[in-house]
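Next come two complexes, and both contain subunit A; in the first it sits with subunit B, in the second with subunit C.
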Partner chain A sequence: MSKLYLTRNPKVAARSLDGEMMIMSGKDSTLFTLNKTATILWQAADGATPLDEIVDRKICTEFEVEPAEALKDAETLARELASHEILQISEQPIPRNSGESR
Partner chain B sequence: MSGLMEEMNEKALARNIPLSVQLDLTYRCNERCVHCYLDHDDHGEMTTSEIKHLLKEMADAGVFILTLSGGEIFLRKDFFEILEYARLELNFCVKLKTNALMIREREAARIRDIGIESIQISIYSHRPEVHDAITLVPGSLKRSIAAARFLKAQGLRVIFANVLMVQNMNDYQGVRALAEELGIESTLDPTVTPMMDGDRSNLSLGVGNAELREVFRDKELVGDVEEFCAVPAPGDDNLLMSLPCSAGHTACYVSPYGDVYPCVQFPLPTGNVRKQRFLDIWRYSDQMNDVRSIRLKDLTTCTSCTHATTCTRCPGLAYMEGNMRGPSSADCEKSFARTGIPSANMLAKKRAPANLVQIRVQPAAAPGAGAIA
Partner chain C sequence: MTTEVDRSSVVIEIGGMPVRVNTSDPAFSRLLEDRYCGYVTSSDEAEISFDVELTAPVAPDPDADVRVTNVNGRWTLTRGDFHAEWEPAARTGRIRQTANPYSIDAVLRIIHSLVLARQGGFLLHSASAIRNGKAFLFAGVSEAGKTTISRLAPPDTTLLTDEISYVRKQGDGYVAFGTPFTGELAKLGENVSAPIKALYLLAKGTENRIEPVAPGEATRSLLANLLFFAEDEELVQAIFHSAFEFVSRVPVSRLTFFPDARVWELIG
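Right after this comes the complex of A and B.
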């Protein structure tokens, strides 16, 4: 399986509220809240760390889950977030262009 | 408010987080709207670095929705620097309020690139002779509409904000039609806000009850007229414990000089960010905590009012009338216009003994001078 890299879309607004990310879509002002797993992906989406590494370091250590299953779920989630233009995904590292996530 | 936003508000309320802040960048303006509650001078605006420092503090405090307003925000030479910092460095959800006179294609494209939630433009009429007579700037309607088109062409969410007054009473439908034609949202506010210095003379520009009654029966505006104008159902104990509004609870306002208030329409000073941390003012200001302590059961007149369950009572307008726990007459008028039933406040005023002294004699009048009313 090829590597998948994620980066936050700089057009979205984001703030952490009680451990959950509030995200306002830059495309159509739709408001999203990310659950814990999606919040971990969002916070780790630096364009340089591949998804399998994020899953290994941040998700498998937080939740009791099989690494292969976690990666599959995380990829589905990443693609869903990308479809809402919350994340950008690529099979190549993505140069970072957004600010620090709070 | 969407269900999700409501949920976020509940969370913010429970954790004492200021979810949304309006920051006025300047009171200077290139229009001179007849009803405006601000003066238009610079009494020592925060510098760029002071504003950036404040924005950082606000982001750390959990502020998510940031409304940048004024005065006219584009009069600040550092406006785009502030906007870029707020959006791209601190990830705020930014709303802008402007008259748009200084926005052309280039500015519209730049705003699109930065990304904002919405941009609200003040439009008082679809007719230049009415709008321009309110802004006192010839050609202002033409320029604002041109800007709205530029912004819309960039795919931005544009909202026309109209204030209902005697001068434009017959034009709100025209503004709505214009907005629809341009694919733009529109809002109508029937409240004229008193001047921040307490001068209430601009309130005479507000429409009378008969006109308001008519507006509240416009189904294009209110939807189900019967429901909107229905006599409210009596409240219960839960209602008595409810909060008046978000001011001081999940929202506040910061002036161009760093003064923090519960709301732009609630000029109760609670602290200044030039002297204290934003979060310290939010959490520990006695005034902010006083505002926070108020429940419907604590209100002096409104608790027993027929309209208690549906009234839009503004605690800031009540404060400007002299008592933040008291009624807001403008909202009493609205409730009356909706239902035809006078509010407890209106009835109490009616019962108050009339001032029988109709003519006062000027003391030490010059010989021959008469009585003056």
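Right after this comes the complex of A and C.
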């Protein structure tokens, strides 16, 4: 199975408040509130760490879940976040974008 | 041979920002003076100047979407009933519309929302009123009770608007200004301002009560009620962060109210 790399879309506005991560699309002002798993993916999306490592280090340690199942769910979630242009995903490491939002 | 056309100007000052509207149609000029009564200033100073070109009447399209885009510093605002362009650097713009007050109203709202976004302020779907020297905002979608709470306001309150509040950042706090943008009440707000003491999220119920709202929910509700149409990443970022800033400085609560005047005993 190929690796998947994630990075934050620098064109969205993002802010955490009381543990809730809120994201607003810079394109159409749609507001998203991320759940706990999506927040983990957002925070770990540095373009250099592959998704399986993020799942292993951040998700499997947080939730009681089988690693293979967790990876499958995380990949589905990452693709959904990418479809909303919150994350960018690639099978290659992604150079870090400048001008990331807070 | 050229024909010189007489043009008249009406300067409309909302939220402390004067906007000049130039027209060659005396009837439209009078329409503006009537529509914005209390907001028309005799001063010749204006931060933006618009030339209005009136077009033949068109059938209104209630489903027409607003589009607000920025290309190379020039804003374009379009809806079925108007087309406007604005160049902030030149402080001038043009509006093509039919002779009605609704189109220019929409253009002015959009222009003010764009200017405010850069300054940490915003327009908000909310009623607002001044009591004891402080402004109170009552936010909610259509039917939430904005007009009802405005109608119930006691004589010692000054109504700023029953529909769209004008919020400007000033120092460490925020100030609400009156607006001519009306809802069902069809009554222009007073052209005055006051520091904002509280924002209430409206809900109708069987009793009057005020409950705290968690910051996350307060921010989401505020964002949901902002008037903002621009397809512009920089301004979206600005207005998003302004909402968080506002919630960190102004108390936000849920006001559940039964529609009678006693609700105002909780406010002030």
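What we mean here is this: the second predicted complex is superposed on the first by the 97 of 102 C-alpha atoms of A that agree within 3 Å, B and C clash if a C-alpha of one lies under 4 Å from a C-alpha of the other, contacts with A are read in each partner's own complex, and residues count from 1 in each chain.
Following the convention adopted for this analysis, a residue touches a chain if its C-beta (ideal position, glycine included) is under 8 Å from a C-beta of that chain, and two chains touch if they have at least 3 such contacts.
Note that the structure is predicted; figures quoted are calculated from it, not measured.
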Which of the two partners, first being subunit B and second being subunit C, lies in contact with A:L17: first, second, both, or neither?
both
Regarding the shared-chain residue A:S2, is it in contact with subunit B (first), subunit C (second), both, or neither?
neither
Which positions of subunit A sit in both the subunit B and the subunit C interface?
11, 13, 15, 17-18, 22, 24, 26, 29, 31, 33, 101-102
Taking the complex as given, what residues does subunit B use to touch subunit A?
2, 4-5, 7-8, 11-12, 15, 17, 19, 59-60, 62-64, 87-94, 115, 117-118, 157
Considering the complex alone, what residue numbers of subunit C touch subunit A?
214-216, 219-220, 223-224, 228, 231-233, 236-237, 240-241, 244
Report the residues of subunit A in contact with subunit C in the complex, numbered from low to high.
11, 13, 15, 17-18, 20, 22, 24-29, 31, 33, 101-102
What residues on subunit A touch subunit B, complex-wise?
10-18, 22, 24, 26, 29, 31-33, 98-102
